[in-house]
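The block underneath contains the structure these notes are about, expressed in structure tokens.
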Amino acid sequence: MPTFDLVVRGGTVCGPGGSGVADVGITGRRIVAVAEAGSLGDAAKVIDATGAFVVPGGVDPHVHTSLLLGEFSTLDGFAESTAAAAWGGTTTLVDFAIPQPPGVLSPLACAEQRIEMAVGQAIVDVAFHGCVVKADQISIRQIPELFGHGLTTLKVFTIYKDLVQLSLEDVRACMKEVAAAGGLLLVHAESPHIVEPLRGEFQAAGQTDAYHHALARPPESELDMVRTILELFRLTGCPGYIVHVSTPEAAIEIARARLEGTRVWAETCPHYVFLDDSKYRGEDGDLYICSPPLRPRGLADRLWHLVQNGAFQVWGSDHCCYNSAQKFKYRGDFTKTPNGMPGVEVRAPLLFSEGVMANKISLGQFVALTATNPAKLNGLYPRKGTIAPGADADLAIYDPGWEVELNSKRLHMPTDYTPFEGFKVKGWPTTVIAGGRLVVDESRFLGEPGWGEVLQTGKPTLSVS
Amino acid sequence: MPTFDLVVRGGTVCGPGGSGVADVGITGRRIVAVAEAGSLGDAAKVIDATGAFVVPGGVDPHVHTSLLLGEFSTLDGFAESTAAAAWGGTTTLVDFAIPQPPGVLSPLACAEQRIEMAVGQAIVDVAFHGCVVKADQISIRQIPELFGHGLTTLKVFTIYKDLVQLSLEDVRACMKEVAAAGGLLLVHAESPHIVEPLRGEFQAAGQTDAYHHALARPPESELDMVRTILELFRLTGCPGYIVHVSTPEAAIEIARARLEGTRVWAETCPHYVFLDDSKYRGEDGDLYICSPPLRPRGLADRLWHLVQNGAFQVWGSDHCCYNSAQKFKYRGDFTKTPNGMPGVEVRAPLLFSEGVMANKISLGQFVALTATNPAKLNGLYPRKGTIAPGADADLAIYDPGWEVELNSKRLHMPTDYTPFEGFKVKGWPTTVIAGGRLVVDESRFLGEPGWGEVLQTGKPTLSVS
Amino acid sequence: MPTFDLVVRGGTVCGPGGSGVADVGITGRRIVAVAEAGSLGDAAKVIDATGAFVVPGGVDPHVHTSLLLGEFSTLDGFAESTAAAAWGGTTTLVDFAIPQPPGVLSPLACAEQRIEMAVGQAIVDVAFHGCVVKADQISIRQIPELFGHGLTTLKVFTIYKDLVQLSLEDVRACMKEVAAAGGLLLVHAESPHIVEPLRGEFQAAGQTDAYHHALARPPESELDMVRTILELFRLTGCPGYIVHVSTPEAAIEIARARLEGTRVWAETCPHYVFLDDSKYRGEDGDLYICSPPLRPRGLADRLWHLVQNGAFQVWGSDHCCYNSAQKFKYRGDFTKTPNGMPGVEVRAPLLFSEGVMANKISLGQFVALTATNPAKLNGLYPRKGTIAPGADADLAIYDPGWEVELNSKRLHMPTDYTPFEGFKVKGWPTTVIAGGRLVVDESRFLGEPGWGEVLQTGKPTLSVS
Amino acid sequence: MPTFDLVVRGGTVCGPGGSGVADVGITGRRIVAVAEAGSLGDAAKVIDATGAFVVPGGVDPHVHTSLLLGEFSTLDGFAESTAAAAWGGTTTLVDFAIPQPPGVLSPLACAEQRIEMAVGQAIVDVAFHGCVVKADQISIRQIPELFGHGLTTLKVFTIYKDLVQLSLEDVRACMKEVAAAGGLLLVHAESPHIVEPLRGEFQAAGQTDAYHHALARPPESELDMVRTILELFRLTGCPGYIVHVSTPEAAIEIARARLEGTRVWAETCPHYVFLDDSKYRGEDGDLYICSPPLRPRGLADRLWHLVQNGAFQVWGSDHCCYNSAQKFKYRGDFTKTPNGMPGVEVRAPLLFSEGVMANKISLGQFVALTATNPAKLNGLYPRKGTIAPGADADLAIYDPGWEVELNSKRLHMPTDYTPFEGFKVKGWPTTVIAGGRLVVDESRFLGEPGWGEVLQTGKPTLSVS
């Protein structure tokens, strides 16, 4: 038995299948042993995790660093987004390579550009989803090439005309290519035939306040498109993933489809569960504009219930780091306001607090939702998402006694607001290890740009339920 | 780092959450370390598992050793049933304490009697489900006492009049007690108002061949009672478990109920998936009489599909070791023929072969279905059902290259037939460790009566999805 | 073309399939012609119906005249119940022959007794449902005899232990007999395994106020039993009818079953739609005790929606003419208070007012729900329930300009309260013809005991959707 | 009582609500009396209908006379299509005004052109559905004008790119206009995103035989689009009608939506029930090309079951009178073969034979499906679709003893094939009256061009269930 570079001693070690008090031995970048508490003695450094929960570092499958879409760009670079992620116990980000404006860059060229942006900047590991936003033959034909370059997941949008929207026929064409290449297709599912005319009618009527943003994207819009996409996944055999599901009916349709044999998984995000559309009625309603929009409290409650009961496999942030100046530039006009909210830092801690600490979900569910399942579906498993010999030594050590009230100043994202302002969070990952290195050590930040790698993803592991 | 009593080296170690090549270090009865392959060097004994799959020893949640029900008794004692289990990679049996005939023994007295039967005989560990088969006030009031004696799961039957059947009102009363005590209620769900009159009509018409056994217990009988039981679980808040679900419609109802927040899980068995009711048309049809009966091929195929897609959490054997003389004593009269078939030995290997080796389910699913989930739901986790420091050193080492054609002579149950006669099985647990001891060593049996403990179960772990 | 005894001239004549302005010519007991308005000139008497709606006299399929159940008897004889019916536009009552106490009278003897009670008393026509309330062989064997005596519909109860409850096995036996005889089985569907223990628990806790009556019979109780009964109808092939459905979920299950080929129909009653369980919170809560109980407003609204959308085929009163002295005898103790409310007089006018006049349902739906469908399902069609040559001359002439505020003094049932106290009703059948005779002539009552016949019903007409 | 021009004496007169033996008295174009059999004596002409069924003349809501679509035109003019209709007991046709090629004629100009074609030619009455096939502002704005011209139903297509397909956004715009105008929107619902790529793939692979026509339009294509259209009907409040539903799953979705309050109705056609996709495997497969395509036998059987159980309200022909030369011009290339089959003559008789005579549906259902409901939904009721004073004297007198084996020579459509070749039909409308005139008199054809009117339709009557 070798000696170790680092031993995390005596914590409650939580994998996706369960937990127990144990020592974790790390050498170099990797975990090399999990053993009885106290048994791993010889180490260059020992962290005492007694009383704490040692979980796999989070994998956030839905992050938009430096997102350019239309007039606005989000405010963080990869140094900032990966730092904020690490502060919140997340040690792997899967970001997007969205060619913008459409038609200038090919998916592959865009991917190369995005990778270049991250290299040397990232503090924890980063991978990318490819994107097809224009249905030219080049884009769709490049899908196998993207896979060859380590982007084995592809995202498409059914909405956002003139920016990223594909026709359903083109979505189907992508499914065929992704299925053939052995990848996973992510879909943003809203129905343009429902949303666009409502937007138009509200705009014509001068009803462009934030609440009308929600009214223009009713639950039916998500449900309708989810059903169509499920039918296409079924017909093409392409493994699929519906991002940021915001309504219980859509979630139930996805669960039923999976039960009947369609290979499809569902992601939701903290804001769809813990916030609701009453935010749009407030003075600062524009801060909460995102798509799909926040839903009525009744739907949000049912969504949370479904998270607890296994309808969702993945918990993503859909992080878009705008600040209030950007969100308010066209205050009162939702048609011009950028969509999205900052969230990479709080994604996992919010679920830990509201779920695990409040006895609504188990630790195993927490680990599965925030780390194991996103690692599997994004082709990063078993390197990421588990605590086992051979896995990367990415660990978040949650101190259950820590309590914090959220506000943007305490958080580390380069923005001046958080949608979760005032939330009281119990439990926080006060120590975070990534690739065997202490990135956060008892709430002191030690990470440096360049510590993170840009990962090539492998074939998705589809044994997720 | 201590030295080990036993190291299993270099196998693909599979927990419920995933797998990787690693060493497993064992000291005494327990696993003490899981570490990089080749890193655990110092051990009294080393088993080379290169190329093999190292999984947690199976937990069979549904075993009837020495079952007395009506005229017949099954033929194995605990030495025999635990031996056969071990031959098939199963290292924990959860058996039943069914007071028979009703009214003679109280549930508690029966449990004590059953425990006594197992002590000193069991080769691997055994636990028991309590049973209430008569709705006297003593029986229901004893439920908390049963829990105090280490029986935290209770089984009831909605059918088998004059033997074990409870009224629905009494089933509900049990649910209230079990919920209050923090346990789990197992239900055999068939509708007597459907089955009894059909039996009566067939009997009156002289239609008592094996095929009419199946016709007397139509799929509607299971579906109808499952719906009622789900409603009762929902209303009482009692965590529930439906044993041996044999029809896809019932399985789907259970899955929906769980999605909507009812805490309920479903078990199925190899014979409902791999056999079908064509067996009843054959000359030896009586050998296959069990309840619920084998179903038409179309339903069995859909059931297998549902196993693959996550509708089931547990894979049980419903082992009843009758021999052909017993099954044929009243040949041609299903109303007198004992119900049940031998199966504890083949439960896990059949799923490994048809599921894992045939690429229909993942290793993680196999482990969850055959070990982790039954351990959790029966209050045996994390002592059983996982490979992690602190867990019992119960391991089954599957050799994927092993091929065997099943017949009763090669198997080790004290009976002269197997319902799976002629099945070609790929992969077999040729080495089995229980409590740190080699019970089966490269197909040689080393286990001895008394090696197994009678376990007291704790509160069920309900984080199973 | 003969001359007529009576011509109803120029009204909007409404059959189940539609309506138009026309004359109706009557000779003796029967309608002999429907013709262009103004064309039927020669008649002994002419009623000018210009501006009024001429509909088939109502058929109330669910009336309990002189009901004896347990300690209490309802207060009307057949003279009173048929008079009240006629005042409300209903010209045929289908009442029940419920042998009470069980075991004294056979179904047939009870039917004979009930027929005798009605003969000479009834002012409009009356028919009877047979009932089996005890599962002795005599009762079930008498079903064909009941049919021979003109009772082709049979009712059973799944609840009311020691009074009328049958076991599910006995219900199934009745289904087999009724199916063989070509009849229709009516079922009161509530689950004793849900209701009885809740009643017991509330009683033990001293919670016997009217609101706990509703809590003891939750929606799940109806849903659960309806599902089971539907399964039994499907398996036996017996045409079925669920009386007084009170919950939308149960109604939807019935509609689905019919769509899938089970021959089953659903009845609801005015109180389940227009009243709600807030009544039980009031001081006079006990007046509203009935089973199933009134439901929460949300469910009642959904039920009304389902009435409008075709989920129900029949609108019955479930008339039980108790007075407040009876309902209050054990005030505060729902376990002793008689179940049921007076309603035969207001059944049709309430639906006319809230449905037709409020533009929620069409006249055709009104006629189908209140007359045609109950006539068909009870084997009275086309003698009853339609306006066509050959049909009985039973007509209700609704004056849409009539407005009345309901209270017990204005109504004609021998009781001192109405559950619909204060309801403002628009439109009333101010003239009513039964068997060609004017029973109510512009709000003057002319009917006399003995005008009504006791009808023998034929085979149910099952073409109802 | 006046004397009559014509009396139909002693037949079983069948309205939508039921039937009875009666006389029908006709004066001029209209029915003026329905009276006791034998009572209407004074008439210029008396038809003895003893032993026959007298039903309202059929209303075929889906007829394409002289259809021009792409390269081909169907072969009948209005004289021919109305003659064939009358031969088969149908006395009202609702045809279409489909502007072709798109962009040349406005909907209104097209309607005027179509009306002109019919005037003076039609032997029985004809009305028209307007159509929007191009989403220019003129077309959609013309919807109210169409209503003013007596076209109160509008049809749109979600498929047939470059010919008639509208985008979903434009379909929604039509719904808004139709809802505002008080009309009904008919939708041909298939998903282009499913059909178009499959067609493309099959074409590229040279798989253009008739069977691949069916494979290119899988059941999922209909189900998917029906769900979307239902969502849009629900959101816009527009009353809707799905033409030629060919799959049980889609029919069930529509039935559920209606139960939940969406105002939507469903039509199916004889070929989807009585034929199946085995036709495409035969040598003459191209003759059966239509869209949606014929379905597998299992689906067709379930569809027939749903017709019997009330899932459909309307039975249409989708008559397209091509001949074999046209269907075979591009034999073996489904992409070029015209879609559609001749059927106006056999629509009602097939349902009478397979439904009424075979005891699968009641006479009331037959009348509702073939006459009353299409009359109501197309704003022709109560002038059409019923036998009542004031209604048009359109009657079909079915002789139940007539038997015929179908072939194209016996039929009267100007084509050389019938898809129902060899079908044995029992019962035929050997006498047909339209507008009070004998068009077919005991199988002799008396009708003449110009006898039929072009009808302006009124607001749809939506009380259809």
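To keep things simple, chains are lettered A, B, C and D as they appear, and every chain counts its residues starting from 1.
By our rule, a residue touches a chain if its C-beta (ideal position, glycine included) is under 8 Å from a C-beta of that chain, and two chains touch if they have at least 3 such contacts.
All values derive from a computational prediction rather than experimental measurement.
Peer 1: Among the other chains, which touch subunit A and subunit B together?
Peer 2: Neighbours common to subunit A and subunit B are absent.
Peer 1: For C-D, find its twin among A-D, B-C or A-B: the pair where over half of the contact pairs carry the same residue numbers.
Peer 2: The chain pair with the recurring interface is A-B.
Peer 1: If you average the CA coordinates per chain, which chain's centre is most distant from that of subunit A?
Peer 2: C
Peer 1: Which integer distance in Å separates the CA centroid of subunit B from that of subunit D?
Peer 2: 58
Peer 1: Which whole number of Å gives the spacing of the CA centres of subunit A and subunit D?
Peer 2: It comes to 52 Å between the two C-alpha centres.
Peer 1: Mind listing the subunit D positions that touch subunit A in their complex?
Peer 2: By the definition above, subunit D touches subunit A via 167-169, 171-173, 191-194, 196-197, 218, 220, 223-224, 227-228, 231-232, 234-235.
Peer 1: Name, in rising order, each residue of subunit D that touches subunit C in their complex.
Peer 2: Those residues of subunit D that touch subunit C are 1-2, 13, 15-23, 25, 30, 32-37, 39-42, 252, 255, 258-261, 305-306, 308-311, 361-365, 367-368, 372, 376, 381-382, 385-386, 388-391, 461, 463, 465.
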